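The following pair of complexes shares a single chain, subunit A, combined with subunit B in the former and subunit C in the latter.
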Partner chain A sequence: MTENKRDHIRKRIKKDYIIITFKTTTAAMAMENRCLKKGIPGRLIPLPGGIAAGCGLCFRMLPEEYAKWEKELGCGEGSGTEVYHYVM
Partner chain B sequence: MIYLDNAATSMRKPEEVIRAVTDALQTMGNAGRGAHQASMTAARGIFGVRQQLADFFHAGDASRISFTANSTESLNIAVKGLLLPGDHVITTVLEHNSVLRPLYEMQERGVDITCLDCDETGMVYAEDFEKAVRDNTRAIICTHGSNLTGNLLDAEEIGAVADRHGLLFILDASQTAGIFDIDVEKMKVDVLCFTGHKGLLGPQGTGGIYVREGLRIRPLKSGGSGIRTFDRAHPDQMPEALEAGTLNGPGICGLGAALSYIERVGTHQILRQEETLMRAFYREIKDIPGIRIYGNFRQPHRCPIVTFNIGEEDSALVAGRLYDEYDICVRAGGHCAPLMHQALGTRSQGAVRTSFSHYNTMDEVMEAAAAVREESRLYGR
Partner chain C sequence: MIKVNALGDACPIPVVKTKNAIKELKGPGLVETLVDNEIAVQNLTKMADQKGYTVKSEKISEGQYRVLMEIGKEEAAGDEAAEPDSAVMDSVMTDAAVRNGTVVVISSDKMGRGDDELGRALMKGFIFALSQQDQLPSTILFYNGGARMTTRDSVVLQDLLSMEEEGVEILTCGTCLNHYGLTDSLAVGQVTNMYTIVEKMTLAGHIVKP
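For the complex of A and B:
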């Protein structure tokens, strides 16, 4: 590991994120695919231990981006997804 | 070598299939088991193929497609996961053992089976299914195309019968997927079972099952899924509900490349080429003295298969000679279709099956026909 990388890790600051969870890996992949097509920023990460969900992957994005794209994302009741604020 | 055994497996694959499998073997981690690049490469690749298959079969949502190892696994999932003791199911003598044997197992557990007989050309029609419907009929399960005669059943009409009577329609598309357009919506198919290594031109060990939205199937297998780790029961969400264990990622990526190839060439073009070859072979051999051909060749469309016998000669001996003397690969024997052979009266003789790919050429067809002509001339000497 380079010194720069080490320095970057030491200075890491925790941030508030929106975490979208899924019941299946396929649903997570479908979300990633949809976001890529629509240019919605965010990415799939391993599900933090503090959140319980079916799938080990979740979609992470910044709260302001979530607010902007909430309608297109179609999360929440009946969608098979759950939305959390999570500091990480 | 002239390979005319494409109904067993399409040996020649598009170049991009080989490249996709090789790429996957070099870059893929385990899908759904992590968020690192290797795992995500696998997950993205597999999801992409799932969506391709959903589009290909007009299933809409990718989550309705589960991957399996082949049609046999898909059919076992459908038969054992949907039928219950006391249910009645309608099937046909055209079926492969991958349908019949799971059904016989279920028969031992109290499922009642009606097996529709065929006419002298090996055909079964939608009205035959309608006449067999009873109060306790739960499902129709049948092949889309006979692996022995190549006869094509009218899936749309049979699906309409199932729909009219509120029955499940389970379609075995082993011989037709990739060659004929299959629209699960239009055909009212509840469960579609397909293999990847025949008409779909993918690697062996790939296949899948489409399950209509709202229909739940008891899984055949349970185990690792990458989701709901701490639950004692296997998750019931599709498609993972029917996918315990690590998927055949490289094979699935190969299947995806094959689907792209088929979409580029077009199923209509593939069917046109294969039917041209099949009908040319049929025309060349049909009037040879002593030749008996099985199946309905008056159908406007049929699977690219011509099955025949030479007199009373053992089909295995004919197939052996075709390979030894002419370097032609065909399939002899029972073709895992015992009831169809029984109906055709070829249980002991078996039959010689030739099956064509769009990669075959007219020269190969003519050479094979000449070989059959010669073998027929020598028959009995």
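For the complex of A and C:
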């Protein structure tokens, strides 16, 4: 018989991230595909509760990576995206 | 005051010992219980709240907590008249769930039915959100399409590796890896079989299946 373990309770260390929100899930998934193809680091995650905007999915990056890839990401005005700093 | 030493006792023993001490009081009074984990504090507090006792708790030192209950005249009278103790049973059951741990079952690389691309994005999101919880599950089981998630090319591999590092047991169905030709690609956790999958699920405190 295998041993059944307890759940693991821990305290996570939080970090500052850039969160890019989108109007539609399609746009969010398209951003992920575009970034994968271009080798831009980041990932699609569920929208954190502290941000009340967007479709429910968002793209998360480290601030230094965002600064490096900002132009390619094209998150400026009229792009349908919003960019936030968020600690999580 | 009656003092109960429940240090080193696995739940539900602290609740049972405290309940016995309250019986011994045979009336109003104080019961102090020493325990060594927060879950026991929570269970004792829950029991006290349900029974209407006044309760205070404090951390005395690392791994040592003191729970003080005051049983009033009315509550003591109520206890004598009461039928089998549902509050205690609730606490015991809650604790059994915590003790046996949460088992997360991933049977597909997609979450829900409908659009497959959305389903994959949701499942990635689920694993990510799971890895961000302060309370991690004891075990994550992967089978059928879910077995792809523990292999080399998995998009959630880092999340799973980080949870494994925190002590989460990650088990993938060997038959499923074999079926998908992924036996040599397992990159996190261990291979398991149906007997263990059944055992983990039947003994789980909670099962979470996205």
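Assorted remarks:
Basically, the second predicted complex is superposed on the first by the 78 of 88 C-alpha atoms of A that agree within 3 Å, B and C clash if a C-alpha of one lies under 4 Å from a C-alpha of the other, contacts with A are read in each partner's own complex, and residues count from 1 in each chain.
In this section, a residue touches a chain if its C-beta (ideal position, glycine included) is under 8 Å from a C-beta of that chain, and two chains touch if they have at least 3 such contacts.
The structure presented is a predicted model; accordingly, all values stated were derived computationally and were not measured.
Legend: residue contacts after superposition of the two complexes on their common chain; A:M29 is shown touching both subunit B and subunit C. Once chain A of one complex is fitted onto chain A of the other, the partner contacts of A:I51 are absent, as it touches neither subunit B nor subunit C. After overlaying the two complexes on the shared chain, residue contacts for A:A67 are found with neither subunit B nor subunit C.
Of the two partner chains, subunit C is the only one touched by A:M88; subunit B is not. Contacts of A:K11 after superposition: subunit C is touched, whereas subunit B is not reached. Overlaid on A, the two complexes show subunit B and subunit C touching the same residues of subunit A, namely 25, 28-29, 32, 44-46, 57. Of all the residues in subunit A, the ones that touch subunit B in their complex are 23-30, 32-33, 44-46, 54-57, 80. Within the complex, the subunit A residues that touch subunit C are 1-2, 4-12, 25, 28-29, 32, 43-46, 57, 88. The touching residues of subunit C, when paired with subunit A in their complex, are 38, 98-102, 117-118, 121, 124-126, 128-129, 132, 134-139, 166-169, 196, 199-200, 203-205.
Within the complex formed with subunit A, the residues of subunit B that make contact are 31-35, 40, 43-44, 46-47, 50-51, 62-63, 226-229, 235, 237-240.
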